[in-house]
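Here chain A shows up in two complexes: once beside chain B, once beside chain C.
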Partner chain A sequence: MKKKYWLAGLALLAAVAISLFLRLDFSNAALILRELRLPRALIAIGVGSALAVSGAVMQTVLSNPLAEPYTLGIASGAAFGAAIATTFGWKISFFGLNAGAVVGALAVLVLLLKLVVRGQGRQSDSMILLGIMLSLTCASGLAIWMALADPLGVQSINFWLLGDLSRVGLSTALALLGLSLVISGYFWFFSRKLDAFLFGEDWVEGFGVSYRQTQRIAILLISILVGFCVSAVGMIGFVGLIIPHLVRRHLRTSLHFHLIPLCFLWGAVALTLGDALAHSVSEPRELPVGALTSLVGAPVFIALFIRRRRGEI
Partner chain B sequence: MVFWATALPVASAASLPRIVTLTPGIAEWTVEILGKAQALKELVGVSEYSNYPPELKKIAALSVVPRFSIERIASLKPTLIIASEDANRPEQVEKLRRLRLHVEVMPPEKFNGMEAWVRKLAGILNAPQGGRIAAKKWSDGIAELKRQSAHRVSEGGHPSEQVFIQVQGSPIVTVGGASFLSEALQAIGDHNIFSDLKEAYPKVSREAVLKRNPDRIWILDAAASTEEIRESWKKFSGLKAVAKDQIEVLSADDFARCSLRLLNALKRLH
Partner chain C sequence: MAPLSLRKWSVKALPEKTLVSETSFDLPMGAILGVYGPNGSGKTSLLKSISGMSIEGRETSGEFWIENATALAEMTPLERVKQILYLGSDFSTPFDLTVRELLEMGARVGAELPDRERIQRVVEALHLRDFLPRVINTLSDGEKQLVMFARGVIQKPKVLVLDESFSKLDLDHLLWIAKETRRFAKEGMTFLIASHDLNFLSEVADELLFMRKSIIIAKGLVNDLFTPATLAELYPNLALQVVRSPESGKLKILY
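Right, the complex of A and B next:
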């Protein structure tokens, strides 16, 4: 197991080195590194780790391998919440991160759970379908908001929605990284409680774990984490879906004591590399990193969906 | 005398053309060509942000971005609609034509080809004389700018400065080679650092600006939080523009349209 941690740690170091030094202009290196590339690398680690850990925990507490902040509409809810908060001038923020995004994320997740409880149960694909519907509802709200917004601001909103790590400063990056570490640490500390969910809803209480309480706390923490991530960098899809599945394959186990820290590390690696690609591949332009992750993530989602239908996962 | 005065054909309000313009630049040149008094009688609708001369603000303002309301335009009962090839959507222009409205489409504004552009607009407005005068004002203005630039070089000033123009803050939007502002900079002997990009308004990274290290940064005040944008550059002390304190906030109204106001603004800058 130690080897797996070493591998992930080395991969993260390599990803950070690539992100910092790929196509760097060495005549202005100190300035670019300090002001631009270091905050980007830190926010990529913070957001990548947060999304991967959130995905892993959601898949467990919702008993659905396709669950992640993007597919269940939580990211869209956060974006809509941030948009509404901005419009009405609700300035509750944490290091420049918009608390309206947390409220939006939480609202979608709670609504989704209410709808699923009344429907066919968590195991079914209805959760994904409802998530997609909620995501579309939030996207429609955003579209209306953008239609009413100042046309000069629409491009800025669009770019943020597609995932943009360039607008974040060092203090916000550090705050988000700290938040990701604390919440991931919490999930790691209570990994045994999460393990109880692997045996199915009916067995959780048998392990002395309160199903409702554990699920509610997990949902609240994920909403806070995802909400702040979306508020900082927009919507970055599928990191929360792919990384937990790849890590489970790599580990050959779903036990959270190892799953959480390795998802943290590999999520950070994935987004750091994705962002390095986004800011260097089409220089002097910049690609939205969320579009790149979705380009890779969507086919993986389809493959997982098919395997799930066949009962392979 | 009285007899002759009453016998002269006086244009009544009903027989006047009813003109709608779909870009602020076209509205501004329409006023220049027809003369303010005549233009204000004939214009019944102008696109949003048409604010020069200020009297245009009293005319029905049409929201055109991302698309205009066809019903709203039709309700103005225009006899002539003047659209722009690059600023208005062709499918919307086509819909206006299907309503049997008379629509003329102007080509993109080119700094080095504005005289022909102005004469074409004058032809559409059926005011060739006004067009000739307006085109002459433009060419005289350009000649004056070039003289000023040559004088600057002969006086020992910098022959050419590298300029970065920022249109929007986040993402950073600048002007590329297809924009008339790139040509305008050339006319005054300066160089747009992103003139190699083919688009008119490309998005670029902050790092790319640092790499190209401009001598001057011009921030157009259409961008939200202009002061924030200016401050965001100041921490990059290695930039030549920051070291020389050459970050200027300019009026977007002057620089966003290829009009006589642009020439005056360029003259003031040098």
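Right, the complex of A and C next:
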């Protein structure tokens, strides 16, 4: 197990090095590194880790291995909430923007749980279907809202829907990284409570864990985490789906004591590399990083879905 | 030892359907009670409700206590499962998890460190050693039931409720489980076992409880309940015979 932490740690160092130095213009190295690349690497670590940990915890507490913030509409809800907040002039206020995003994420998550008939969560794919519909609803709402209310219109729509790590300054990056560390640490500390969810909702309390209370806290924390991520960098999909799956396979366990920290590390690696690719592959043009993760992630989702249908996972 | 007691226990499915109607019984600790009744007689509603498994749209009333623990409904889940743990007939997980991990999860409930000695002992007693590294989803239904039983015993509640938890076991394992259950009961664990196999219940249980149409129609020793009169009350339309097993000396039912 120790080796797996070393491997993940080294991978993260390598990813950060690549992100910092790939295609670096050395005539202006100090300035570019300090002002552009360092905040970017840090925000990638913060958002990547947050999305992977949120995905892992969502999959557990919703008893659905295909759950993640993006496919279930939580990220769209956050983006919609944040977009509404910006047009009300809350953009200057860090808290106003994030509050809008967190409320949006929480609203979608709570609505989703109300819509899914209790007891059908794991067995049926209806949760995923409903989530995707909620996601489309929020994304469309966002697009129309922005087209009407935002002077930058379409450009802002692209930011929210496709994600962009280049706008974030050092202080926001550090704040997000800190938030991701604290909330992931909380989930890690209570990893045994999450373990009790592995057999589905009916058996949670048999392990001495309160179903409602634990699920509520997890949902609130995930909404906060996703809300802050989305309001900083827009929507970035599928990190929360793929990383937990790969880490479970790599660890050969679903217990959270190791799953949470390793999802944190590998999520950070994935987004740091993804963003390095996005900003340097066709310089000076930038690829939208969210489009990149979806391009890889959506086919993986399909593969997982088919395997699940066949009863293999 | 103070007994386990149920007083005027009712379960209603809202708005107006009675699933369990004002049932009462007492049981000494360390006893094995077999619960029997036709489908829909209220066994599962009774067992789930006394185990504190809340089901939406159900309302329970009455009193239930285990030794000096009353008001189980107001306990935290952790306090409650130390008193009583409900296991059903199947469980599954969409995630990969080994048998060893599940058993350790059971052993960790309410304890900082898992009691490895107890895991070891239960695993030996139930011949589960080869199962330990296996992934739960790859087990057959019967194997899963053995593992679930092991987890329940390892978790060590005062009362273990087994609702159809042996329904997929073959005869050999069934008789083996009956013997092991009696051994765990001798160590002080109380069992409430619901099953549709009357002959298994007569093998394992100290006492039987017959339910029919939401009420308890009889409770007592196997010898007192395996009589033509009681069986006729349970199944008015069936002609059942009672014979004594030459092997175990217990009464069995022929049909």
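Keep in mind that, in the parts below, the second predicted complex is superposed on the first by the 290 of 313 C-alpha atoms of A that agree within 3 Å, B and C clash if a C-alpha of one lies under 4 Å from a C-alpha of the other, contacts with A are read in each partner's own complex, and residues count from 1 in each chain.
Just so it is clear, a contact is a pair of C-beta atoms (placed from the backbone, for glycine too) under 8 Å apart; a residue touches a chain by one contact, two chains touch by 3 or more.
Just so we're clear, the structure is a prediction, and the values are computed from it rather than from any experiment.
By the document's definition of touching, of the two partners only chain C reaches A:Arg252; chain B does not. Of the two partner chains placed by superposition, A:Ser126 touches none, neither chain B nor chain C. For chain A, the partner with contacts to more residues, out of chain B and chain C, is C.
Contacts of A:Thr137 after superposition on the shared chain: neither chain B nor chain C is touched.
Judged by the touch definition given at the top, the superposed model places A:Gly206 against chain C, while chain B stays out of reach.
Chain A uses no single residue to touch chain B in one structure and chain C in the other. Per the touch definition, chain B reaches chain A in the complex via residues 65-66, 168-171, 173, 194, 197, 202-208, 210-213, 222-224, 235-238. Residues 52-53, 56, 76-78, 80-82, 85-88, 91-98, 101, 105-106, 108-110 of chain C are the ones touching chain A in the complex.
Within the complex formed with chain B, the residues of chain A that make contact are 25, 28, 31-32, 35-37, 150-156, 159-160, 164, 166-167, 279, 283-286.
Chain A meets chain C in the complex at residues 59-60, 63-65, 118, 122, 192, 195-196, 198-200, 202-211, 248, 252-255, 308, 313.
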